[in-house]
Every structure is written in C-alpha cells, then in structure tokens.
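Look at the two complexes coming up: chain A is in both, with chain B in one and chain C in the other.
The block that comes next holds the complex of A and B.
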C-alpha cells in the first residue's frame, strides 16, 4: 500500500492545497478540534473527532438559495448558484463518512437538491481510520468499521506512516495527484494496529448496543410507548443534539431584507424547537414530548422505514458528549427496548 | 446547473375576488401569459412574497382550466395578510406543483362521488369538482355537501349558485351553522347534515374542512355504513421545502408534502395520531 511518513504530512498537505482547497481537522483549542481551511504549517489534530460534524461541507449551516429584487409590483428572481470549486476534506472519521451517504439519500433523491449535489460533486472525502475509539463511540452498532472507513479515499495511521487506499475514482485521482510524495510500504504494523483497535472496540461500554429491536415495523409500538414522558421530561429543547448530529438535516427557509434586495437563506433547523411545526391554525407537536419523540422516531423508525432499513444515526457519540442534560439516543434505545 | 425546485418562478396576480369576509381568491398567470405549470386536482403550490414569507396553498382551479391557476386563501397569518392587501398586477413567486393528487384518473374513475366540505375546505375540492364536471362521462353520480358558518362564509358562492346548482348533472346541498336572514336553505353543522341526507354507501367520499368537522363527518359516515377505504381527505401541515427534505410535515414516516396531501382514511389510520 502507498504511504507517506507522518513527518512529511505537511509536504503532502501543501501539495494538495496548491491545487485545490483543503480542509483538515485541527485544534481550535486544546481538546476541541474543528475543520479549517488548510494553511501551510497547520497541524492535524490528535483528537479523535471534531466537535461539529463534517456535514457543513455539503450542507452548510446557512446558505443563500436565491436573491430577489423588488421594483414596484415586479419581482426579479436571481439564480445566484455557481459551480463550486474542487475541494478535499481530509481526516474524516468513518462515522462522519457514513453520514454523507445518509444525507445523500435525502438530498440526492428526486427532486435532487442542486445546492447539495454541487458540493458533493466537487468534494473529495479522504477518511482516516480510527485507532483510539472513545467510550461514547458506537458506530459498530450501525455496521460501521472504523478501521476501514468509507469515503473516496481512506487513510490508515500505523504510528509512523499514513497509508492510502482508494475507494472511488475520485479517491484514486486524489492519490494519483500526490503519488510523487508516496512510496510503497509494508502494512504488517498497520494490521497489528487494526487488530488492537478491534480489541478495544469489543470492550467499549456501548459495544453490545444493537439496532435489532428498531426499524420501520416498530412505528406504532414505539410511537405509543409510555417511556417518552420520562425520557423527554428534562429536555431543554436547546437543539444542541441536532446541530452536532452528522445526520440531522432539517432545514428552514427564511428571507432577509438587506436594504438592497431580499436574500433567501436556507439554515439548519431543529425538530426540537417549539415553532418547528407551528402554523397559523395550531401546532401538531405542542409539547417537548412530541418534539423529542419525533427526533428519535425519525432516526430509529421513520428513516429506516423509508430507506430499506438504514438507520439515521452513525454512532459518532457527539450527542452523548454534548447534551446539557445527558440525554441521548443510547438511553432512548435502551428505555424503549425495556418491555 | 439544472433547475432547482427551491428557486421559484414569477406569477402575476391578474384577478382578486373577495369570496368571504376573510377569504380571497387570487388568479395567477405566468408573466408571458398562461399557467406557470400544470397540476392535478389536490396538488399544491408554494406561494411567496420575498421578504414576507412563503407558504403552501392548494390549487383551487381545475387543471382543465388552461388559462390560469386560482388560489382561495384565508387571511390568518403574516403572508396571507400581505396577499390579502395586494392589488391586481402584483407579482408573487410560485413553485410546484407539490404532492400527490386525488386519484381522478385512477380509483375515482367510474365511481359515484360525494364531496363534503366545510368552510375554506372547499378550496382543494373545487379543483376536483370542476375537473369531474369537465370530464363528466368518466364519473357516476356527483353530490356536493358544503357548509359554512354563515351564508357570507360560503367560498365560491357565486360559482356554486350560477354553475354547479344550474348543472343538472350534479347535486349540491348547502348548509350554514346558524339561521340567517335571507337564507331559506338548510341550517345545521355539516356532519349532522350528512347523516340527515344519508347518502348511499356506494359512493366514494372526498372530505375537507376544519379538523373537528372532518372528525365528526368521518364518524357519521361510519354510522351510515361507509368504510375508511371509501373516504379520502387532504392534509395540511407546516412546510418549507415541499419535497420531503426539510423534515417538518411528516406524520410518522409519511411526508404530507410528498406522500400526501391526499390520504385515504385507512392509510391515515396506520400512521400516528400527530396532526
């Protein structure tokens, strides 16, 4: 397998960034990593994952959909879309890589969302295998192997070198573009690292968590469960879980008057918010119980019902780490399973 | 780049009709004339005034009308207040059509049809009724039971009197909630009137109106011997995208904007009671 010594990673980043925009996860402050546009000298984080997910690259928190000019009774619609430049996202973890294929099911089904597709077409996802999964990790529950991540190309760290493997044509083109920096390397040590990672995974606190009791056929059983009241009781409705979630994709469309015209924006929204479903004549989800239930029913029942059994969660563990009241999908799954 | 459904087209409002004290019907055409797009009865469109808001409305005109689309809109929020205040010649934005439709070319074909509407609930059914009138040979008996709070609140009253009631091929039964001077028709709530009229259970029913009216009407129909598989309705929930992606108009795993708005009651019965 082709590899590069970790001490030369900066050279590799410089070479990639010379041709297209490169984003890498780097430390914003100790213990908190985020994706940043690469500048020479920037170092790859040693954190397991970024605080925010990588969904921003394809589904940004805010984006301009269209502009309008109003002139008396007339309106001009301005299509402000432009072909996006090519970019590379380096160091995406297996969980976040899977989230892209989940978002694809929403945004690339008919009618295709051209804003999302534009970025997907021009972005190359280079993943990084995990070697130190955290206690909050449960990607294996959803059939994800963090030692062999998806994405256009996958990277593997054996401690001394980074190895590269292409998963798609786009990934092969990426590897070809940096081939002059790579050399053939022996993967014996890498195999040891992966075996060790799998040992750790088997011992993780959530290793036994299973989706066996969830899916599209559980709609009425779980919707009518008496567990929701207790589970949702302390929920603040802050929406943090939906914002850090790599698969949450609900959005709002709003207009902003700049004084020189109207800009229409799409922004992330949250089913946890009270006005999410509010209409002039009422609201079908009046209390936090209904909103809370919606989020988990969507991930564990509605999404698989509509997507051949695939769940709307990748087990990244961000909601476990970030919920201010320590509620999360794992607790919900365990509570619903109790008969 | 391909067209994106989220980027709207322009519609010109060429006629505004004050239907009731709080309902106006707006006629919309493309700037170059003609309809902005084709639709089937029951489908909806996103109308917007940029800077004010965007919302989903059912298309009340029949697709057999080749010149324009119409929207009957009740004044009840920011955008609808703005629309009610605008004048003829105003441009708005429009995108669609969205959602499924009443199966006028499918299960409804050849059937005896009973339309039951309350208040502004006539708006989506008017599209079907006029489609059926224009393709009369394809359907059996047609009966319309329509009620409102008062005579003044009957939407499309002029069209009902001048065209539907003058049409020997359809039967129209009107009712208002309370007695009123100048009204010698039936008085009483729609669900009770349906029970009084006791329509034949051979009919296929299309019902739309306020949730409470739909609930009691369905219960009354069941008492008369109708089954849920014979009754269609059309739903309304908050929407932003119109294509099942923004995530808010779902009832269970069904999106009202994409899988609806038209549902048969047996299909609705399989979904959670969250609407």
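The block that comes next holds the complex of A and C.
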C-alpha cells in the first residue's frame, strides 16, 4: 500500500493545498478540535474527532439561496448559485463519512438540492481510520467499521506512516495527485494496529448496543411509548444535539431584510426548538415531549421507514459528550427497549 | 452523602411531606448525569446519584415542577440556592410547593478537562485523596483533582446556603473568590484587544441556545429570539454582528439578576466563557451601586430596579468609555 512518513505529512498537505482548498481537523484549544482551512504549518489534531461534524462542508449552518432586489415596483430575483471550487476534506472519521451517505439520501433524491450537490461534486473526502475509539463511540451499532472507513480515499495510521487507499475514482485521482510523495510500504504493523483497535471495539461500553428492535415498522410501538415523558423531562430544548450531529438535516428558510432587498437564506433548524416547523396554524408539536420524540423517532423509525432500513445515526457519540443534561440516543434506545 | 440524601428523600416521600424528588440520575458512564424527578423509593435506590459530577443546577426545573400539583423535594447545593432565591424573587417558583434540602457544594469535576489531558476512553473516575484515578480503555491514568475542577467551582463564591428548609451536612460561608480576576484582565486590555478576544470567542458560537435554556435567569415564556412576532427572532446569525449581539443582549437582560451560577459556560459545547460577560455586569454593579449579590435574599430591591440618590449618573458610561 502507498504510504508517507508522518514526519512528512506537512509536505503532503502543502502539495494538496497548492492545487485546491484543503481542510484538516486541527486543535482549537486542548480537547477541542475543529476543521480549518489548511495553512502551511498547521498540524493535524490528535483528538479522535472534531466538536462540530464534517457535514458543515456540504450542508453549512447558514447559506444564502437567492437575492431579491427591490426597485420601485420591480422585484428582481437573482440566482446567486455559482460553481464552487474543488476542495479536499482530510481526516474525516468513519462515522462522519457514513453521514454523507445519509445526507445524500435526503439532498440528492428528486428534487435534487443543487446547493448540496454542487459541494458534493467538488469535494473529495479523505477519511482516517480510528485507532483509539472513545467510550462514547457506537458506530459498530450501525455496521460501520472504523478501521476501514468509507470516503473517496481512506488513510490509515500505523504510528509511523500514513497509508492511502482509494475507494472511488475521485479518491484515486487524489492519490495520483500526491503520488510523487508516496512510496510503497509494508502493512504488517498496520494490520497489528487494526487488530488492536478491533479488540478495543469489542470492549467498548456500548459494543452490544443493537438496532435490532428499531426500524420503520416500529412506529406505533414506540410513538405511543410511555417512556417519552421521563426521557424528555429534563430536556432543555436547546439545539446542541442537533447542531453537533453529523446526520441532522432539518433546515429553515428565512428572509433577511437588507434594507434595499431581501436575502433568502437557509439555516440549520432543530426539532428541539419551540418554533420548529411552525406554520400559519401554529406549531404541530406543542410540548417538549413531542419535539424530543420527533428527533429520536426520526433517526430510529421514520428515516429507516423511508430509506430501506438505513438508520439516521452513525454512532459518532457527539451528542453523548455534548448534551448539557446528558440525555441522548443511547439512553433513549435502551429505555424504549425495556418493556 | 448520597446515602444520607436517598434515606432522607425516602422518609419524606413515605410520610407524605413531598410527592416528588428532584435530583440527579446516573447514566451510562461515570460522568453523564441527568437531572431527574423521582417518585418512589425504588427509583431513588436504583438511579439517584450525588457525586463529583452532579454539577447541574436543578433550580430552574422548579419553575415547571411547582406549576404542577403536589410538593417537591429539591436538593440544592449552595450556589443553586442563589438561583432558587432569585426565582422566588421573580415570582417564578411557588415556594410553598418546594421542600429544600441544602446539601454540600462542590468542587465538581469537568469531564471535558479530563479528556483535554488526552485521557480518553474513560470508564471510571475515582477521587483518592484529591488524585483522580481514572480507569480507561487504554489503561489506568491519574491526574490531580484540582486540574479537573469545573471553572464555576474553581471560582466558587459561596459555600453558604441562602435558602433551605433543612440541611444535610454543615453550612459554609460566603467566600473571598478570585472570580473577577479574568474580568479585570479584560478591563486592562485595550479596546481592540478586548474586541479581538470576544470576537474570537463568540465566533465559535453555534447558536444552540444551551446557555440561554439552562440559565435560571432566562425564564421568559417566549424568548424574543424565538418569537417571529418580535422582529428580531433568528435561528442563525445572519451576520457576525448578530452572532455577537445575541450574547450581549442576553447578558444585558440578566444583568442584576444573574447569580453567577456558571451554568452558561458549563454547558457551552464550544467552551465560550460566557460567564465573563455576566461577571463584568456584576463587577460594575458592585462598583457603581455598592456590593450586591443577586439571589442572596428574596426581598431586597435590586440596584437596577431601584432608585437612590447615590446612584451613579448615566454619564459614567461615557466617562468610562474614554481610553
């Protein structure tokens, strides 16, 4: 397999960044990593994952959709879409890589979301295999193998070198573009690292968590469960879980009055918010219980019902780490399963 | 302490003094505690927890809980009692429906500080003579207790309970804290340095509203930022000016009412030191109107809603703005 010594990773980043925009996960402060546009000298984080997920690259928190300019009685609608430049997102974990498959199902089905597609077409996702899963990880519940991540190209770290493998044509093109820096390497040590990671995976506290009791056919069973009241009791109704989630995809469209026209933008929305899906008649979910239930039913029942059994969660564990009251999908699954 | 609390809660449930108990419920790991309401001895024995990670302030839940039938037992740490009093003062809690049991305060631990040391895969955390023994998926680690203390506890303002019906353990005193040190540092910066500091911090905001929703001083039924009729509702910042203004407006709204419980910064997923905005207001109020601690009592008039002849003149704002 082709590899590069970790000490030369900076050279590799420089070479990639010379041709297109490169984003890598880097430390913002101890314990908190975020994706940043690569600048020479920037170092890859040692954190397992970023606080915000990688979905931002394809589905940003806010984006403008159209401009309206008002001149007397005339309203001019401006299509502000433009082809985005090619970019590479490096170091995406297996969980986040799978989240793109989930987002694709939402945004690339008819009618295709051209804003999302534009970025997907121009973005190359280079993943990084995990070797130090956290206690909050449960990607294996959703059939994800963190030692063999999806993405256009996958990287593997054996401690000394980074190995590269192409998963798609785009990934192959990425590897070809840096081929002059790579050399053939022996994967014996990497195989050991992966075997060790798999041992840890089996020992994770959530290793046994299963989706077996969930899916599109469980609507009535869970929708009316008496567990929701207790589960949602302490929910603050904030949007932390939704906004750190790599698969949450709901958005709102708003108009911003610029004084001489309108900017129509969309922004992430959260089903936890009191004005989520508010319509002329009011809000269909009046209580926090209903809003809380929506989030988990969407991931565990509605999404698989509409997407051939695929669940709307990738087990990244961000909500487990970040919810201010430590309520999360794992606790919900376990509680609902108790008969 | 946990055992004494469970025992007392069971007694008060059994003799009908209270119908429900609000405290903390254990989670999947050593640290993921959830505030919870308990209604039976079995639930208390099975799930109730009080340990180094039970930092969440449950006072605000009493707004919702005291709107229900029956009486609730609330376990309040010293800092929580200030929020409780402030909510009483604002007529948000029905005092008759709460039985307050004062319990000792922190210092509590911050799991994120443990993880920031590179200690990951945390399975258990034990405090042995103020050294944390941390069992992880990758072997045992140790670190000093003091380095994992929550920021809000590191600058604890008081060990004294300002409201309670009974106490478990002894009451403490109001402390000389170092809580204004960082505010002073910010005050001593140039305007540009200070602006850069806050732009750097506030640009991390993802507008999850966790700070607002956890805040015991934020109990409006419909926040202006959520209300389409307000004209200033926004789910996301339309520009970076709005991003900053959300937090500044919120700090103004809780000025004089914020007890400095520190929950805003504790829950921020992006580690924005939001409490510093509030502390600046507290420090200014202390300097301009005389020492005042929101929530210290339920009857006094707050400086910003009171008038005395000694009040500072509005021109103080202008005078202090001159560099």
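Keep this in mind: the second predicted complex is superposed on the first by the 337 of 339 C-alpha atoms of A that agree within 3 Å, B and C clash if a C-alpha of one lies under 4 Å from a C-alpha of the other, contacts with A are read in each partner's own complex, and residues count from 1 in each chain.
We adopt the following convention: a contact is a pair of C-beta atoms (placed from the backbone, for glycine too) under 8 Å apart; a residue touches a chain by one contact, two chains touch by 3 or more.
Being a predicted model, the structure only gives us computed values, none of them experimental.
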Check your understanding: Should the superposition on chain A be reported as showing a clash between chain B and chain C, or a fit?
Key -> fit
Practice item. Classify the contacts of A:243 with the two partner chains as first (chain B alone), second (chain C alone), both, or neither. Key: second
Practice item. Quick one: classify A:302 as touching chain B (first), chain C (second), both or neither. Key: first
Exercise for review: Rounded to a multiple of 10, tell me what angle the C-alpha centres of chain B and chain C make at the one for chain A, in degrees.
Suggested key: 90
Check your understanding: Is A:233 in contact with chain B, with chain C, with both, or with neither (first, second, both, neither)?
Key -> second
**Study point:** Touched partner set for A:175, first chain B, second chain C, both or neither
**Key:** neither
Review point. Regarding the shared-chain residue A:115, is it in contact with chain B (first), chain C (second), both, or neither?
Key: first
Exercise for review: Check whether A:135 is in contact with chain B, with chain C, with both or with neither, and answer first, second, both or neither.
Suggested key: second
Exercise for review: Could you say whether A:62 touches chain B, chain C, both of them, or neither, answering first, second, both or neither?
Suggested key: second
Practice item. Have a look at where A:84 lands relative to chain B and chain C in the superposition and call it first, second, both or neither. Key: neither
Practice item. Once the structures are superposed on A, label A:278 by its partner contacts, choosing first (chain B), second (chain C), both or neither. Key: both
Exercise for review: Note down the smallest distance between any C-alpha of chain B and any C-alpha of chain C in the overlay, whole angstrom.
Suggested key: 8
Exercise for review: Enumerate the residues of chain A that count as touching chain B in its complex and touching chain C in the other.
Suggested key: 252, 269, 278
Check your understanding: Which part of chain C faces chain A closely enough to touch in the complex?
Key -> 27-29, 31-37, 56, 61, 112-113, 115-118, 120-123, 136-138, 204, 206-210, 212-214, 222, 226-228, 233-238, 266-267, 269-271
Practice item. Show which residues of chain B lie in contact with chain A when the two form their complex. Key: 1-10, 50-54, 76-77, 80, 87, 89-93, 236-238, 240-241, 243, 245-250, 252-253, 270-272, 274-275
Exercise for review: Provide the residue numbers of chain A that touch chain B in the complex, in ascending order.
Suggested key: 65-66, 68, 70, 73-75, 77, 79, 81, 83, 106-107, 111-115, 118, 216, 219-220, 223-224, 249-253, 255, 257, 262, 264, 266, 269, 271, 276-281, 284-285, 290, 294, 297-298, 301-303, 305-306
Point to revise | chain C partner contacts - residues on chain A that touch it in the complex | key: 28-32, 46, 48, 51-52, 61-62, 132-136, 200, 203-206, 230, 233-234, 236-240, 242-244, 252, 254, 256, 263, 265, 267-270, 273-275, 278, 320-322, 324-328, 330-331
